[in-house]
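Labels A, B, C, D, E and F are assigned to the chains in the order they are written; within every chain, residues are numbered from 1.
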Amino acid sequence: MMNRYVRLNIERPEKAFVKEFMDYDVSTVYEAQGKIGLLNYDLRPIIEGSFICGPAITVTCMAGDNLMIHAAIEAVQPGDVLVVSTIGESHHGMIGELIARALMEKGVQGVIIDAGIRDVKQLRKLGFPVWSKAIYSQGTTKNRGGWVNAPCVCGGVQINPGDLIMADDDGVVRIKSVNIETVLELTKKRVEREKIVKSKIKNGELSIDFYNLRPILEKEEVVYIDFFNVNV
Amino acid sequence: MMNRYVRLNIERPEKAFVKEFMDYDVSTVYEAQGKIGLLNYDLRPIIEGSFICGPAITVTCMAGDNLMIHAAIEAVQPGDVLVVSTIGESHHGMIGELIARALMEKGVQGVIIDAGIRDVKQLRKLGFPVWSKAIYSQGTTKNRGGWVNAPCVCGGVQINPGDLIMADDDGVVRIKSVNIETVLELTKKRVEREKIVKSKIKNGELSIDFYNLRPILEKEEVVYIDFFNVNV
Amino acid sequence: MMNRYVRLNIERPEKAFVKEFMDYDVSTVYEAQGKIGLLNYDLRPIIEGSFICGPAITVTCMAGDNLMIHAAIEAVQPGDVLVVSTIGESHHGMIGELIARALMEKGVQGVIIDAGIRDVKQLRKLGFPVWSKAIYSQGTTKNRGGWVNAPCVCGGVQINPGDLIMADDDGVVRIKSVNIETVLELTKKRVEREKIVKSKIKNGELSIDFYNLRPILEKEEVVYIDFFNVNV
Amino acid sequence: MMNRYVRLNIERPEKAFVKEFMDYDVSTVYEAQGKIGLLNYDLRPIIEGSFICGPAITVTCMAGDNLMIHAAIEAVQPGDVLVVSTIGESHHGMIGELIARALMEKGVQGVIIDAGIRDVKQLRKLGFPVWSKAIYSQGTTKNRGGWVNAPCVCGGVQINPGDLIMADDDGVVRIKSVNIETVLELTKKRVEREKIVKSKIKNGELSIDFYNLRPILEKEEVVYIDFFNVNV
Amino acid sequence: MMNRYVRLNIERPEKAFVKEFMDYDVSTVYEAQGKIGLLNYDLRPIIEGSFICGPAITVTCMAGDNLMIHAAIEAVQPGDVLVVSTIGESHHGMIGELIARALMEKGVQGVIIDAGIRDVKQLRKLGFPVWSKAIYSQGTTKNRGGWVNAPCVCGGVQINPGDLIMADDDGVVRIKSVNIETVLELTKKRVEREKIVKSKIKNGELSIDFYNLRPILEKEEVVYIDFFNVNV
Amino acid sequence: MMNRYVRLNIERPEKAFVKEFMDYDVSTVYEAQGKIGLLNYDLRPIIEGSFICGPAITVTCMAGDNLMIHAAIEAVQPGDVLVVSTIGESHHGMIGELIARALMEKGVQGVIIDAGIRDVKQLRKLGFPVWSKAIYSQGTTKNRGGWVNAPCVCGGVQINPGDLIMADDDGVVRIKSVNIETVLELTKKRVEREKIVKSKIKNGELSIDFYNLRPILEKEEVVYIDFFNVNV
């Protein structure tokens, strides 16, 4: 009834688009696409300064069991990002050195996991980036069915297989595959706008002026007072 | 009615005192001033090994809105520390690269924020130290009034504009501006006492002896037992 | 009535065994001994890449008081690991530079503490590894009795004095002193098995095959579907 | 680009099915449909003993803003359950007496909200059941666009408009609209099985026997020992 | 240096005003005074349906010590509300049956405490309302100095002695003593406005209309779509 | 190696002692035995006003699996308290109506569980008291070995089979079986002392006097100041 399944083949976004996105970062893309698609802030990178950007291979495990991650290894391709979620909360260390090596052999860029990981010293040495909720050796079983490449909820965001996942020190963002082209355009525009802002800042202009925020202060009845004369 | 305001001018502590404090650290000052003024431990630095010490420019925003941070940029001076609190809990990324650049242009030492920040990779590259509750790209609006340089509560501690703020790897401490001279004296004395303790430790003396703690153990009915003979 | 005591002498595991364990890591040992003995994941190292492995000197303090840590310094020997727990939850900074120096003078490898620590910058400079629940300057008193080298609960696990404690980037594990020899054997066997798995992975074999997981997928009614033809 | 919208008309499950589900409870349905669809346990009822079961009207708000809840009132029909989620974490009190009265006028059964609520005394007096993450007066703005009757993620579970939502003291479960008939069948079967189990228990039979768990204990190498003779 | 003190006499707001406030509730007053003064939502009542409203007697204790609460009993008068905060986080059960009885003898209405309490069964039987962060038997010492009737931070809000404190099922709000008259006026006006809203709701009017929110939806580019024809 | 076992027979404390303890409560006993043995405050009762007091039958499960609870049903006797802990953190609903009925048939008083439970409405109707960390329908497997009547850590406290467990609205306390007689004496004495304190309070005496706390205030340099004359 539950239609548990493994989909080995999914549609991935065009590589040219993915490559272009690699010039940007999570906060910029999240803002550009309308402040949506950001995963919870408790997903943190194990390697500072990491950056990955690629199509999602989604895995849905039952809490405390990593059977479906093993099944997913067959589905990954170079450049993919493995996105792991669980049915039921979990901080188990679902991925360690062995699975990481298998994923690296296949060319996977990294892992986003709404649970724990382990062998973090080895993963750092291997240079394999992971964003996780915890570092925890707690082991899993390998005997409960789930899904590979079904829509899943990871970090509070729905992720479909083939959606573009970008992750850096700020966190993780999802770009829906159908929106990739539009979001890329919006991202480029945002970066242009930010360049102008940066030069204004360098010239000593105040954001309260160039964003025209003084009328808002006024509307909000914020008054300017003088410390020495006014006693509030 | 709520008297929302911006105070551009505040009284800052004498620079000579601030400079002297730069030889010390958060834990020492906190202890020296009587175990008060310490902000909550969930405010953590984004750059390991950072140290800042300067007068507080206080900002009170409504949760999820950073309008007043923009207003505060006009109020800061070189050496200041921006202290941001929110009315209502918030993990929003209220400060990113652009605001950081604006603050750096003005000579601000760093930021203490009881909310989230973003563009953490860029902030690290810029070497701009921030103590925050979260790293989170979640964006803010810019349209709700609040306060600049009003007394605020940040990390559970009341901070007035012009109070001295010190932050390092241990966390953040507030020294009330009226107490600066006294606390400086107490800090120096404490450091002297600690030097003596360090040399005692180097000589192999036990703290239980040089702090005279054995009578307390006795009063607390702590007995010394021999593992091999006594079965408790 | 509460039988508060200090035991200065405990039985420690044979050094040869301890030395052999130093070739392994927390996750491996935890798994090898049957997925038990792992402390809570909120105990995190202050120095990335640290590794310690030695007999536990256990300290039980009343929350907010570190009197018994001072008493414990008399009981430690080179190679020991200080394990600190509290009666009542605590994030107080119970250990700082002074106690750390005293422990280092005595040759202690490091500290596991189910509470907070402070002077973390100095501890990092000294290279003294600590696993703690928080970094917090919050000071303690020194006047409440407790226990040194009594059985304690640290990170949710019962630890007896003389148990072997191993800690690395993955967390902290306890090996009961009575099981040391057996666990060492099991650990070695596990490492051998993992070597074989690593070479299989390098040869491109799938874990779903060499762990024989396909029958489990089948039993769990996980079906393989084709993205392009099947609409679920 | 973000396609923000309000859908006033959705397809609801057949009333006969919904009515039949009213004889069951959350835990039973969750188990019957294969241990899926359960919302996070931090969503708790404000009125002990409440029970609701009806089609989801989904609302997606920006954190701290309840504009879209106002828009949703136009879309609800008698028997509906309002499901509110936010983009960005939120504990704001997004619903109070006024909105509750408006929903009651329209015949809405209750609300599931992945944020806070307020006026809880009045809601209890009105007998209007709500499952929320917090009780918090913190107010919202009414000026940010979002979605009504778009797929949303609430309590970590994806909910589509028209999905069946059941909530009681145990929490909240989602039954996908496409599965309603099947899940109803499975639920009935489960209840039948549980009746048999209850009568076995009443007859003093042990679950370890009637579930045939002794062989599993054996496989797991669990031995029966005698307290008085065996020292482990 | 820290100026620890007990102030036995404070200025309290006029009783007539306090009495008038008793017709209102926390959420209404919080909104009326401009969405400020609300304590954190983790302060919850131990007795459902409780309501208190009176001048704050403030107590600042060191975490884990309740000496100053004993000192405060001398300062309370009939109708007062005891507000307890701690320097350093604490969940200790700082108040139990004995202190509650002493406060009741003096006519204190209830307690707001940013820590834990105990003897909750007895407090419920006595009908003594308390808002606290935890129910926890964990005992305190009685030997560390602090403050009675100094400004304090409780639940993230600064409270001065003599400020008006109101608490109900929604939480706790502070009305600054200097603002009492103004806030009372604003509260009355708000209640009038809400009455009109309630009657509109009863008449079946939509809040999206009477709040004039449709133009905002439009500005936010929220479109109305038809489920059956539009595929987004 | 792990010595997984079930002990069907344990030594229980004398019934006369257990009966005598039933006149007291958790906070009193915890204080009387020297402020030890108190479980974490996140273990909360599902039925307000519940009280249980009886010998512990201890169960140690692997997180997410309740096999050993089924095994434990064979070991319980009338008046027992089932104490359930897990290896690895867990909020799973490990106990529901069926297990509760089985335990009630056997005369078990109630359950202390460091995880979740479900069917809470039914348990309340049955009047079966449970102290748990969460209410969560999340199901368990029944196939992983553990322990019945081995020493376990529950709520941060070590509990041996046969220890006396008392639970009420304040939480849960463990009295070690070897100390029962002594703790009973100490409890009686404490209650006598509290009676005297209560009568002093009724007579209007101040605790600061009858506990002789004024010298401590003095030692702590707490001064009495007059609000109207002194400006601090």
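The criterion applied here is as follows: a residue touches a chain if its C-beta (ideal position, glycine included) is under 8 Å from a C-beta of that chain, and two chains touch if they have at least 3 such contacts.
Worth saying up front: this structure is predicted, and the values here are computed from it rather than measured.
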| item | value |
| --- | --- |
| Intersection of the contact lists for chain A and chain B | C, D |
| Joint neighbours of chain F and chain C, given as chain labels | A, E |
| Label of the chain whose CA centroid is most distant from the centroid of chain F | A |
| Relative to chain C, chain with the most remote C-alpha centre | E |
| Counterpart interface for A-B, drawn from C-F, A-C or C-E and sharing over half of its contact pairs | A-C |
| Chain centre separation in whole Å, for chain D relative to chain A (CA means) | 27 |
| Whole-Å gap between the CA centroids of chain A and chain E | 39 |
| Chain centre separation in whole Å, for chain F relative to chain E (CA means) | 30 |
| Contacts with 2+ other chains: residues of chain D | 2, 35, 38, 41, 88-89, 91, 138, 144 |
| Chain pairs that touch, as defined at the top of this document | A-B, A-C, A-D, A-F, B-C, B-D, B-E, C-E, C-F, D-E, D-F, E-F |
| Chain C-facing residues of chain B, complex | 25-27, 30-31, 35, 38, 41, 44, 49, 168-171, 173, 194, 197-198, 201-202, 204, 206-208, 211, 213, 216-217, 220-228, 232 |
| Partner chain A, residues of chain F touching it in the complex | 63-64, 88-89, 91-92, 138, 141, 144 |
| Complex contacts: residues of chain E adjacent to chain F | 2-11, 67-68, 70-71, 73-74, 91, 93, 96, 98-99, 101-102, 105, 116, 118-121, 124, 134-139, 142-147, 149-150 |
| In the complex with chain D, residue positions of chain A that touch it | 1-2, 33-36, 38, 40-41, 62, 87-89, 151, 153, 156-158, 179, 182-183, 186 |
